[in-house]
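Naming follows writing order (A, B, C, D and E), and every chain is counted from residue 1.
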Amino acid sequence: MIKRFLVLLLVLSMGVMFSQLLVGYSPDRQLNATAHYYATQTASETGAANIVSAIIVTYRGLDTLGEVTVLFLAAAIVGMVLSAKQGGQSPTSASEAERQLPPYPPVGELLATGTQLLVPLILMFGAYVIVNGHLTPGGGFQGGAILASGMLLLLLSDPLRTIGHRLISVVESFSGLAFVLLGILGLLLAGGFLDNKILPLGTFGSLFSAGAIPVIYIFIGLKVGAEFSSMLLNLAKTEER
Amino acid sequence: MDLFIRDNLMLAMLLLLSLAMLVAAFMAIYSKRSLPIAMLAAGLVSLLASVQFLLLGAPDVAMTEAAIGSGLTTFLFFFILGRVRGGANRD
Amino acid sequence: MQFDWMQIPYSLLTLFIVLNYGMLLNALIAKIAARVGRRHGIPIWQNYADLLKNYGIRSSITHGVMFYLGPVFRLAGGVGLLLFVPTIFGSEMFSNLSFAGDLILALYFVFFGTLGMALGAGESGHPHAAIGVSRGLSQVTTAELPFALAVFAVALQYQTLSVTDIVAAQQGGFLNWTLFTNPFAVAAAMLGFLGSMMRPPFDVVLAPQEIPIGPPTEYHSSYLALMQTNRMIFPIAKIVVYMNLFFGGAASWPVFFIKVFFIYMVSVLVGVVFPRFHVEQSVRWFLVWAVPFGIIAVLMV
Amino acid sequence: MVSALSFIALPLGTAFTLGLLPQGMQRVNYLLTLLALALLSLIAASWLLAFAAGEIATQQIFTAGTTPPFSINLQIGMAEAAGLLLLNLTGLLSVIYLRDTLHQQGARAMAVLLIFIMALSGIVLTRDLFNLFVFIELTTIATGGLILLSHDKRALGAGFKYLVATQIISITLLIGTIFLYHDSGTLNIDGMAAGGLITGESLALFLVLIALILELKPFPANGWALDIYESAHPAFSAILSAAAATAALFAVDRLLLVGSNSWLPLATAVGVVSFVGANLLALVQRNDRRILGYSSIAQMGLLLVVVGQRDILGESYLFIAGGILLAHAIAKAGLFWLSGIIVARDLSDWRALQRNPLYIFAFATFIAMLVGLPPFPGFYAKWDLVHLLAAHDRIALLLALLFASLLEALFLFRWFGYVIKGEANPEGIICARNKLGVIAAATVAAWGVAYLWGEMALQGNLLYSIPLLAALAFLLLEWLAVPYKNVLAISVLLGWFVVNYADYNPLQLIFAVIILVGGPLILLSSFYARGRRIGFYPATMLMFAGMAQLIVAKSSFDFFAAWEILTIGSYYLILRGKASEPHAISYIIFSLGGAFLMLTGFALAAAGDLNFLLSNLSEVAPAVAPWVFLLLAIGFMTKTAAIGVHIWLPGAHAEAESDVSPMLSGILLKAGLFGLMVLMLEMGRQSLYGVDLTHVMLWIGALSALLGNLMAAFQEDAKRLLAYSSIAQLGYALFGLALMNHLGWLLALMFVINHFIYKSMLFLSVGGVAKRTGTRLMYRMGGLITLMPLSFIAVLIGIIAVSGVPPLSGFGGRWIFYNAIMTAEYRLPLIIIFLAGPIAFLYLFRLIHTIFLGQLKDEHRQLREAPFWMILPQMIFVACLMVFALVPGLALKRVDHYLLQYFPEGGLSWDGLTITSHFGYWSPISIMVIVGVIFMTLFAWLLFVNRRAQKVKQFNIVFAAERPFRPETTHFAWNFFAPYRKALGFLTEPLVTRFWDAIGEALHSLAELLRRFYNGNGQTYSVHLLAFVVITFLLARGVS
Amino acid sequence: MAYIALATGFLLILIGLYGALTHSHILRMIVAFTVANTGVNLVLVGVGYMGGRTAPILDKAVEVSAAAQRIIDPLPQALVLTAIVIGLGVTALMLTYAYRLYVTRGTLDISRYTELKW
């Protein structure tokens, strides 16, 4: 009880700090210099309509590279954590507990058929979101997540299906590598690391525009999708143990 | 005038959403008995947040939050929960 | 003052006088003490007889080198102390070998004999000798303390460490004696004197009555003779220092004899009055009664 | 120059490539990883070289073809390049170290490791706040993965605790970041700092800062980090401690730029608490990795303080921060790597290192580096830091830092002691070639950095000092047998003396002779040793090097460095004794404590002058002068073992080896006296709050003399007895100095010489005896005079000299003493010292009696005289003593004249045979002749009358009507001065010892209590973390 | 309106923190942290919000020339996007840890994982 009270006290103190932040906050009337620059220059510099995408892929591309890396790391570590090499064998108590679990109920007909129908659609939608990232809301991350959910469905419908883990891994690594290489290309051919002007900017607002942004987004999408999928696959494999 | 109504409408919606989120958050924290409910509530918070993002003029964020925050995360939770089922009650 | 060959015979003369005086004085005092105790006492020439007898004894044994050298150290200490201090004030003849060093030399040379004796006794076969040594050292170190303080007070008072200069400063009437100009120092020194004379109540070290203990019981024949010789010389030599420092020195031999006799008597009288102390008691006694006087003396100068 | 972006692109590219390779190609994967890191290290090195050569200036790297603040930019300068080199090199070495584990774990682990290093590099490089956040998150997640490299099952729990903690940190960081952005309109850190929109009050800035500070794992919000250090793979801990902390420090440093320095006090405060707290808790640790964890946290605290004090450090900032950082990183990484080859986890299990002297060398290097001993960078850095702090009156901070450094030294040296002493478990160590290579690389790096920092130091490179080099050269000669090394050592010392002879002034000459001629004399006794005697010569020569440098030091820096060097050397020497470990630790702690006080004193005196000349001590501002005097005096007095800080000495001297004790007692202690002489010559009398400090020293000297003697009288252990005697003897010398008159100083010098001769001699004889009998307890001996006559003669002469009985040289000391005190102003301390005088007599008699006289013990009947090589120096000392007794003028005359410069009055006159003072006179030769003649005459007389004396057998005696049959019954030996103890024993109550014990006990109890705080629950740790944020906030608000 | 979002976000963070620090069940802690993370995201977006403006997408409704007056600050949104993805990474990692802990020790009570302490 004392601990709860203490925590409450601490949380309330944090609340006081936050309230000070809130009190000190006043919404901007005008865009600040940075935002103003983005608002006015994005179109001409990157050719992307979706400023957020432009920022993510180009201006703050380094962040995004890090972000992608976070997912890569997470996937790799999830793999490491779950691989049996570490920490020895599980103690009997836990595995017994697992053995006592009832086997998974058979997947319903509906789900199975639904999956077969839905997965292509989902994948298509994902691809769309990715490719149009520089024009409309969405992009590599969202699209990647959608791709992964397709994979998820596949897994759910048939838990025992072995999906090419190797393929996912290759996609994951290749797209990551491609991202880095594109960045370096920017360094070599254009104004700096991850500069999108290595490709022509094209017509503003069209699909094939905004320089390398769509290309990068495609790789990001692939990579994010692959990461999620690999995480899910790794988790799914645990069941078989 | 039109703008005024729209603003107020948005304000009301935001408030409502916020309220709902807080309730859901409390559920996520306070649902003493059921872990799945807590997870669902957390997912709900995320989902409501994504709606709010939309209202706040951030469609990109909204999409991401919906797909990742409420979708994948919740799924991951349940996935793990399935693996460790019974663990919670044992202690 | 420089060395002169003539000083050697003169010093030997001093030694001779003091030795004889010491023999007689010791016998006299023993006799007085006996009379106080309603006993007959020894004849006045007893010390001569003892000394001759002991030197004459043929059979003798030794426990080792240090045992052998112990009495030599002892006597060398006594003779050296005597000779490093001028005996008669104003007399070139009897200033002995004091050119070699001043008061400090005398003060520290006291330990020469003590150390040698202790070492010699230490090598004897008897554990009690060592016990005696340990007690004796314990006591003598604290007994010397008030004396050292007094010496320092006197040195400060006269701003010199030269014995001759100190005596010179006390000339011109007995009121100029340190006894009167610096009574605390004298009190401290005299209390310390009691302890260093190995007389009652501070004679548990020798303990003639209860148990055979300490070096004298271990030494015999010529060793004992050497020690006895020292017992004739050393107290006198020590008293000479006291006399010079506190009682105006002596300008002639008669004055010397009288002053030495009276100073010696002080310790005898005290010894008659007090019961014997344990060593730790005497250590405390010196620290509690004698040392404060010394401290006061030093602080007041 | 290869673009700095390669630090990000290259490892990332490699990491992704690893995934492309088919599985089962671990070797290729591994090589790729290695190659990438090696390449990065090379690139970093090339940058660093370019910066160092001044070829290029700090560079900005833009991304996305746009300038900041619109895009993320990186910046690389000298500091960054150094940091990157450190990171990547640590990574590279760890990868080499981890070869087997990585092979086993596969490409994923390698990729994670690469990304970890990449993220750390990113933290160092980036100038964008949010980008910083991303990299920090990357390191967090990578940490979460790399923890699993460990074979320790508990690592999993630790990892989870870590993840929980980092969640809170990242929430704080994000909230702060967005509000900072809102307030300043930019995410660029330089932009924020330049814009001036962010004020010191900014709560957002506070949140960001505190989050970054939490990344440094400050005490006490760091339970999670400790668990990781304890359970993770040591190679990973090495990266975490050396590299990750470095990166976080860069981040904090950068962010503090924002808000115009107003949060510097926060950093300082958190740093101090960490430094003190972590070191304190480490005191009660037994687990090696956890203790390293604590130490890492402490070092980070120290660095945080340095960062927080940036405003006053000025140009030295990078030098100081870099020095401490590199020292920490290399040493800590090295120790973690070492811990990886040790099988078991208790500190004492490191004994296994004894298997190879090279391990010990590496270990010693790392420990010395952590403590900040010369010639390592930490030493230079600490020197500058302390000076600047003192110059700006930040004394409280300074003292806190030094106190904590002392705690740190305590547990590190204690550890070192465990390692050196005791039986090693031969299976306690598992070494693979790759791991050893890594450790060797770290050791080499340590010395390399030491050289580098010396080059950069204003005060000059310590590694250029020839004595130090000579001492270190003996490390390389360890393979030689003792005789060769001994000859070499002796000739080196004598050679150095001859070369420098002309440059010494008379005062220095006395010390130089003692050190450089006396040292070889004692070293003669080392010829008795067999084998190679590993470790002895470097330590000895280190001590002598320090001493030799000390006496010629011109500036306070040289002086202090020499002081530290001689302290280390002597510490190793003391540690060599059989049961000396606890004493060695108390020695080093007292020495370092004293040294820190000295350091403070010098710093106060220098008032910011980093290269302060000792001769300027006389010009110190009057306001601080007494404090300077006080601090320095206490520092020096710790070495002379004045009463109150003496408790290290008896054990250290007693337990040291036979030929080490004389060096310690005869030579080492003189360093303190030399320091005091320099101090008092330059500063004269000082008074503090109306108290004349020399008066206080007079008291201390007198009390040391009295109590030292008294305690010596009650010892049963012969070497302890001599050790206590040293305390007393140096008390006399201190007393003489404090008299502040001509004769007082002459007295002190007389004691310096005398004490050297007779104490060396006595320690050698007693050492020889102890060697033969196998005990140091005097009551177990007896009657050795016949078996060891030469030793006996040495002791006899020695004790006559010590007790001051004419005609030997001790008397000269007493005579000067009396003359000196004739003019003294204070009488009370004189009385104390009078009390002390006769007591010396007691213990000296005890020494000779109990060992050599009395009855021979049965078990000693077969003993032989001490080894020739131990007797030889003793006999030389006897000769010296005789010569010095006869013609003290030989040594003292010149000094007497020299002292006239400082004390024009009261010199002695040295006409002919007699030495005359204002008060008295003394003719050593006459005394010797007279005493000799009297003695010989009487001896001849006795021989004549007693020519047929018979030597009797041991038991041919009777007492109390019994014939004794056992030696014990005839030898009164134990508790010799029982009556004395009854009367005065109360004075020897170990009050001082109890006092220091109580302090030690209190610290340990406190640490024991505080560490309960780390209850192992990850959630509680998070509560700590949150509480830390809240409390820091409240305090910060309360202060401002 | 920004205030509402901010306040809600802050409250979510506090609730999440409270939950994370009071529940000893590891999964509940993780759930609480996701709530807090959502709160953080909300705060981030809320800070960038400007009343009466539209999403930062340049289309027919918002011409490039008028963009500076019409759109919301896009930067916080970009940040949130990154934050969400990172959050997911961390959450996934924590969940895996939870699973692994459960497998090795058979419990999900964090107060049982105290074998490393002091």
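The working rule: a contact is a pair of C-beta atoms (placed from the backbone, for glycine too) under 8 Å apart; a residue touches a chain by one contact, two chains touch by 3 or more.
Quantities reported herein were computed from a predicted structural model and do not represent experimental measurements.
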Output for shared partners of subunit B and subunit E reads A
The larger set of C-beta contacts, choosing between A-B and C-D, lies at C-D
Farthest chain from subunit B by C-alpha centroid distance is chain C
Taking each chain's centre as the mean of its CA atoms, subunit A sits from subunit C at a distance in Å of 105
Taking each chain's centre as the mean of its CA atoms, subunit A sits from subunit B at a distance in Å of 19
Chain centres from averaged Cα atoms put subunit A and subunit E apart, in whole Å, by 15
Rounded to the nearest Å, the gap separating the Cα centres of subunit C and subunit E is 99
Within subunit D, the set of residues that touch 2 or more other chains is 130, 134, 137, 141, 144-145, 153, 156, 175, 179, 182, 187, 1023, 1026
The positions of subunit B in contact with two or more other chains are 58-60, 64, 68, 72, 76, 79-80, 83, 87, 90
The positions of subunit E in contact with two or more other chains are 2, 7, 13, 17-18, 21, 37, 47-49, 51, 55-57, 75, 77, 79, 81-82, 84-86, 88-90, 92-93, 96-100, 102, 104, 106
Every chain pair meeting the touch definition is listed as A-B, A-D, A-E, B-E, C-D, D-E
The answer for subunit D against subunit A in the complex is residues 3, 5, 8-9, 12-13, 15-20, 23, 61-66, 69-72, 104-105, 108-109, 111-112, 115, 118-119, 122, 126, 128, 130-131, 134-135, 137-138, 141-142, 144-145, 148, 153, 155-156, 175, 179, 182, 185-187, 203-204, 207, 1023, 1026-1027, 1029-1030, 1033-1034
In their shared complex, subunit E is touched by residues of subunit B numbered 3, 7, 10-11, 14-15, 18, 21-22, 25-26, 28-29, 35, 38-39, 42, 45-46, 49, 52-53, 56-61, 64-65, 68-69, 72-73, 76-77, 79-81, 83-84, 87-88, 90-91
Per the touch rule above, subunit E residues touching subunit D in the complex are 13, 17, 20-21, 24, 26, 29, 33, 36-37, 40, 43-44, 47-48, 75-76, 79, 82-83, 86, 89-90, 93-94, 97-98, 100-101, 104, 110-111, 113-118
Seen from subunit D, its contact residues with subunit C in the complex are 785-786, 796, 799-800, 803-806, 811, 814-815, 818-819, 821-822, 827-828, 830-831, 834-835, 837-839, 841-842, 845, 848-849, 853-855, 914, 917, 919-923, 926-927, 930-931, 934-935, 938-939, 942, 945-946, 948-952, 954-957, 959, 964, 969-973, 976-980, 982-984
Contacts from subunit A onto subunit D in the complex sit at residues 3, 6-7, 10-11, 13-14, 17-18, 20-21, 24-25, 28, 32-35, 37-38, 41, 45, 58-63, 65-67, 69-70, 72-74, 76-77, 79-81, 85-88, 166, 169-170, 172-174, 176-177, 180-181, 183-184, 186-187, 190-197
